[in-house]
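Each of the next two complexes has chain A plus one other chain: chain B in the first, chain C in the second.
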Partner chain A sequence: MSRPGFVLEVDERTPPLLVHAGESFRLEQFPLGTRVVYPPDSLPGIRDVDGAIADALLNPLGRKPLPELLHAGMKLTIAFDDLSIPLPPMQSPDIRSRIIEAVLELAAAAGVDDVELVAANALHRRMTPAEIKHIVGDRVFASFFPEHLRNHDAEDRANLLHLGKTKHDEDVEINRRAAESDLIVYVNVNLAAMSGGSKSVAVGLASYKSLRHHHNVHTLRNSRSFNDPPNSAMHHSYDRMQAVLNEHVQIFTVETTVNNDTFPKNLGFLNKREWEWSLKDQASYVAAKRANDLAPAKLRRKIWHNTRAPYGVTGVHAGDPALVHEKTLANIHRQQLTEVNGQSDIAVLGIPYICPYNVNSIMNPILVMCFGLGYLFNMYRNKPIVREGGALIMYHPMPQEFHPVHHPSYIDFFDEVLSETTDPATIEAKYEKQFAEDEWYRHLYRNSYAYHGVHPFYMWYWGAHAMEHLGDVICVGADRKVATRMGFRTASSLADALEMASDTVGRSPSLTYLHTPPMRLADVR
Partner chain B sequence: MSLIREIKLVSRRRDWRGRSRTPRSAEQWAPVREPREFPTSWARTRPAKVVREGVQRGVLRPLVWSQTKPTVYGSDRLSGVDGPVIVISNHASHLDTPLILNALPARLSRRTAVGAAADYFFDARWRASLTALVFNAFPIERAGGAKRQKMLAPKLLESGWSVLLFPEGTRSQDGWMKAFRRGAAQLSCQHNVPVVPMAIRGAYGAMPRGRNWPRPGRPRIAIHIGHPLSPKQGETVPAFSGRLSQAVTQLWSEEDLGWWGAMRAAEQGTLQPTTGPQASSWRRVWESTRPLPDKSAKNPVWRR
Partner chain C sequence: MITVIEYRRSPTRFLAARGASARTTGKIGDAVAGSLAPLRLINRPDPRRPGADWGRVRPLLSGICGSDLALLTGRSSPYLSPVVSMPFVPGHEVVGELLDDVGDLRAGQRVVMDPVLSCATRDVEQCPHCAAGHESRCDHVTGGTVAAGLQTGFCADTSGGWGGMLVAHGSQLYPVPEELPNERAVLVEPLSCAVHTVRRAAVPDGASVVIVGAGTVGLLTLLALREFANPGPVYVIAKHGHQRERARKLGATDVLEPKRAARVLRRATGGSLQTPERGAEYLLGGVDVAIECTGGGGLDAALRLVRAGGKVVLSGMPSSVDLTPLWYRELTLIGAYASDSGGGHGSSDFADALSLAGHAPLDGYVDATYPLSGWREAIGHALAAGRLGSVKVAFDPTRD
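For the complex of A and B:
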């Protein structure tokens, strides 16, 4: 049986602990008394995944069995999560490919000819054919790409359909093909509690017009946290949109959850608790660390981004999105939830090399902020891990480096917007529209592999709650100029960072280090 | 950071084997380690036997006999016994194994393998190798299932080896005996192998838990060997285990009452329990460490 997550208190026995710092990692000796939040051990994966998929499709929750929903002459759209989850990408075969194949087997048996597959990438960049192939598998790719297997285009006005408004006057506009289908089968992978459920179609297949209603500063500041859907204003908005969708189209969702096997065997020490490292793990650490530090930057990045996670699948559920998502959340909590007793003055985060928006790309400074202050800060239930007015220390080199193809609007956002202000509300009011409607960004989003012009704004908003909550953000090892532009301070070591934080939290602060990855969700009591 | 500094950092708060102690707050989540099977068959090869014979007779016996004053009673009860047998004894000291192996006739001790606690003697490779070589030891899981005993002990008996087991499972905390586990009786019943009961008195006083060298002054130790016992027709494992326990108790009492007195007390059911007085722990230790009287002057004719 897997061990539950727990909070370690650093004592004189505790060896140095692993901290991720971008495309590197290090060992850090934390002060005595530091609390370290470890996620539960990886749950065992389902042995017969194909059997579990078949069972889910034939015995769905709140829907008729899938074969009964399929018939000749119908319009079937299969939408699936894009490459932003899971992280790192899953070793082949990706669970989505196995599900899509199972759905297509049933569709073929029912004589369904009109089948379209759409990657639900919302305002994310289009996926390359190779990336799509990795997700859907060779067989599906060969049969459907490119005519019937496409990326969703949130700027293709002709192929969007406005379905109505919610009771809060929010526009619900999604991919026309999906909206006009007799059935949408949505295939999802869940790595965090924020994903899946009402978010899948309402966000993945939506347009900017629809997304702006929940991806804004007000909503994100009132999502506490967005990984706790009942207390997330963002998810309340998704749910309202889902209600509108339910009036127009039938959605059969297939959600899956994965375990915490984040790194492959050769990096097995990254999945282990440090005091349980064997000699082999220690040797692997030293070898990997030295090789990583000595490798040229380009090669290092390539190696990290070629890492594939050997995730095990912990659950497959299908049927009505709301009912399915309940099961999914339970599985996520089983794998990630760790009870933490009380807040601390300082939280410490190691920011890894990857976040949802830089798969096969560069983790630019805005994404570092988004992952630290947005994603990791918000991995809590009840209350944040750090008290209001406390400090956050995060490890990342934060170089001023952007992927010119994937993140063109990020470059301008960093140069033009952040040089003026870092306040999310001001940025939203003053600059969002201009970037969102910029024709060049639109063109790059639709025809190149660029994130939408508005995307860096959303990334900045992800951190709005943390920015409001925290008294200080200190980045260990970061580029000073870049961090200053973002409104943060830099330190060369943890000791320096603690010294600097003493201005905000005093000389004897309580310290909590969130040991991530693998992902964990802190249940702060 | 240089390679050396990196190595220093990774080895900080770890021992020379690279092991770190589990932080206190993580102790309750320490993984239950599945014991690794330590191979001991090499310790029963001819070269290992030769080395062992040399160490036991040439080093251990002179050492133990020079530091303590062991007296062996009842060796005659083993005349004609060639093994395989299961030897059992009470267990109070690390001296017990060398005492027993040297008290047994050489024809038996040479072909005796010793069941040793896997979690104590087989936790590190160097200790496991040394224990296997010197005592012909094989690992026994004390907690949960006695998996290895089940696997190894029957094989050893089948291949003609005698087996020494301590049915209490561990050394006594205070010198007195604890209830017997039924493993030895079960093994005997299943494989129809006789059991040789033994009782050791004074070993706890000579070298109790926590000491790694005998007390000065050559304390006297008495080793009583009993008649081999076999399960009777239809006798159950619990019943046979009870009989073995009774036999060891009687041998234990022979030290105080003599052979006749102990036998009569056993017949009358008046044997003193070997579990010690129901008293505070210091009094129990006080009694168990009381030096054995030196009986060499009396030397009754029926003792050898």
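For the complex of A and C:
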């Protein structure tokens, strides 16, 4: 039995606590009385993963067993989540490869010849062959790539199909091959409550025309939070789209959840609570910290991005997307939910080196904002961890550094758009269409490895709820010019940040540090 | 006797100044390069009037031009050496007081001077260019009654604006209206070059233009472009904050930092951004016309920002550059030197510039004047003008 989530109140005996700050980390002494939210201990992984997969496929929820859905002459599309989850990427074999192999074995046994595999990358960058191979495994890659295993192309008009509109007049347009298939098997990994369910096909295989209905400022401001699907306007839109999809194509989803074993053994101290660090953990910290600080920037980045997580699989469920997702959410809550008593004046976040959109890439300032004010701020149920008008303090150096291949439109967004305004609604109204329809960005998205032109806008919208809610955002250790461009303030230390925040929250604020990674979901009462 | 700043032949100083400007930057580099320039402050006899149509002019203000600075820091091309005569007194941006009656002009009149020493000033038969109204292309700049010199300020016989007196031919002089202060009048010469540049560019109506550089030449070119052409969006690449502000006031559609220019212009004009293995990014797409106004490295940027088949206009003295874009993108490279009296368009650049200076928002453009004795500081200031928030630095020989 793993220990549940835990809220520590810092006292005289509390050691300095670990805080991530980009491609670095540090120990920080928090003020007395600070609440520190830890996720539950990592759950034990399933021992017989292949057995669990077989069981899920043969005993699905709300669907016939998969073998009964497969027959000769049918058109089968297997779609799978792209490299944006899990984070860090999973040690081989990736759970998706094991599921895909199992599905392909059943398909082969049923005499299914027409099988296509599609990475559900929506407007994310195309994955490189090596990245695809990591997800699907060597055997599948060798058999299907490149003719029958490819990235979804949300700008390939000839290969998109408009299936209709929801009752809210939202376009549902997805990958033509998938839409015209007799069966879509969707293979998913879940690391956050926002993923999976109706989101998988309706987002992963969609076009901009479809995505713009839920990836917008209004929807995100009314998703409180988007990690709490019943209270997320974004998920309500996904569900409406799923209803349209259900009228046209049968979807058999396979969802998995992983535990909190985020870092490999050599960085095992990063998975632990600090006062439980052994002598070996303390030595590991000192050695890793020293080596990390001394390493040249390129090497440091390479080492971090080569990190693979030894996740254990905590659940495999298959069948009807809605029924499966209920089980998935329960598993996520089991692993991540920590009950927190009330909001605080200030929340503190350490932003790590990776987010869904910089795998094997650079975490540029917009992604830092997105991960802090978007993802981590929204890791709550009921109420945000910080009160309305409160302050958020986040740690990240936030250099003005962009990956020129992966994030070309981000560079222009930062230079051109943010220099004029940081207001999400103004940005959406004035600039989104220009960037979304820019031919060069389209070209780079389709032929290079670039995120779609509109992607930085979505990143900015992810933070729209937090921007509206918070009274102040202070970035510790950040590049002052960059933070200022984004509408934030900078401080050189936590003490300075707290001093600065006193303008907003007074001299004796309550403070909550959200200790992550590993991921946790705060259930704020 | 008059006091002048004389430029003399000194290979040692020439090379020293060149080395200092190439190897040092910032305040120290500017000060060192200025001090090492082959200049000296001397007293010498009044210049001789070469003919009856010439008059003596007492400079009231004389600007320091980018071409002067290129010369002083050893960055000017040896190509020009046959068309100058040494030693000479620099200074070709001049507002002064006429000391003799010349033609319709009377002694005591304030005048500005078109510095080009064309056929009309040399008492020689007109070359075909001067006959056609293209005096800036004159073939006779080494002949006639005065020594070789493409302009006053590069001629041993005429003296120049950086002295207590110069001589000018009547055809070079224009009376300054009473209401036009010296600080604006001294800008008429560079403004006439800007007018000429715009006319040479022949910007089609609605065409997109980028002006590379926002020093005196760039800003005045923007002013002339808005006055004498009907372009579409005009983008200005400016290095310094005050330049960006001035460019906006003069009607720039957008003002760009140099390192952002390619990306912003791609967004504005379409096309794609290409990143070569070495060298700066360039556009496949881009603006219709690029006008180089830096007198230096701006030409490389101009060539990389203009669309295929577009025009690149060279307003300043060029530096060496990779001309691959000119070939590959089939660009038209147009030179624009000084000003002329009409040529094909039939309107005098200088007269139009004088008129424009009367109502253009040029107050504050000359914000630093120095006596001739302060030439080291003046040159240092002019070399760092952009960084120091200045547009035009000028000598005031009346203070010596």
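Please note the rule applied: the second predicted complex is superposed on the first by the 525 of 525 C-alpha atoms of A that agree within 3 Å, B and C clash if a C-alpha of one lies under 4 Å from a C-alpha of the other, contacts with A are read in each partner's own complex, and residues count from 1 in each chain.
As a working rule, a residue touches a chain if its C-beta (ideal position, glycine included) is under 8 Å from a C-beta of that chain, and two chains touch if they have at least 3 such contacts.
All of these numbers come straight from a predicted model, not from anything done at the bench.
Overlaying the two complexes via chain A leaves chain B and chain C side by side, clear of any clash. Once the two complexes are laid over each other on the shared chain, residue contacts for A:V7 go to chain B alone; chain C is not touched. With both complexes placed on chain A, chain A has more residues touched by B than by the other of chain B and chain C. In the superposed model, A:D438 lies in contact with chain C only, and not with chain B. Seen from the Cα centre of chain A, chain B and chain C lie 130° apart once the structures are superposed, a value rounded to the nearest 10.
Of the two partner chains placed by the overlay, only chain C lies in contact with A:P404; chain B stays clear of it. Look at A:D415: by the touch rule set out above, it reaches chain C but stays clear of chain B. Remark: least CA distance from chain B to chain C after fitting both complexes onto chain A is 33 Å. Against chain A, the residues of chain B that register as touching in their complex are 1, 3, 6-7, 9-14, 17-18, 20-26, 29, 31.
Those residues of chain C lying in contact with chain A across their complex are 260, 263-264, 266-267, 270-273, 275. Residues of chain A that touch chain C in their complex: 404, 408, 411-412, 415-416, 434, 438-440, 443.
By the touch criterion stated above, chain A contacts chain B in their complex at residues 3-4, 6-16, 27, 29, 273-279, 282, 285-286, 289-290, 293.
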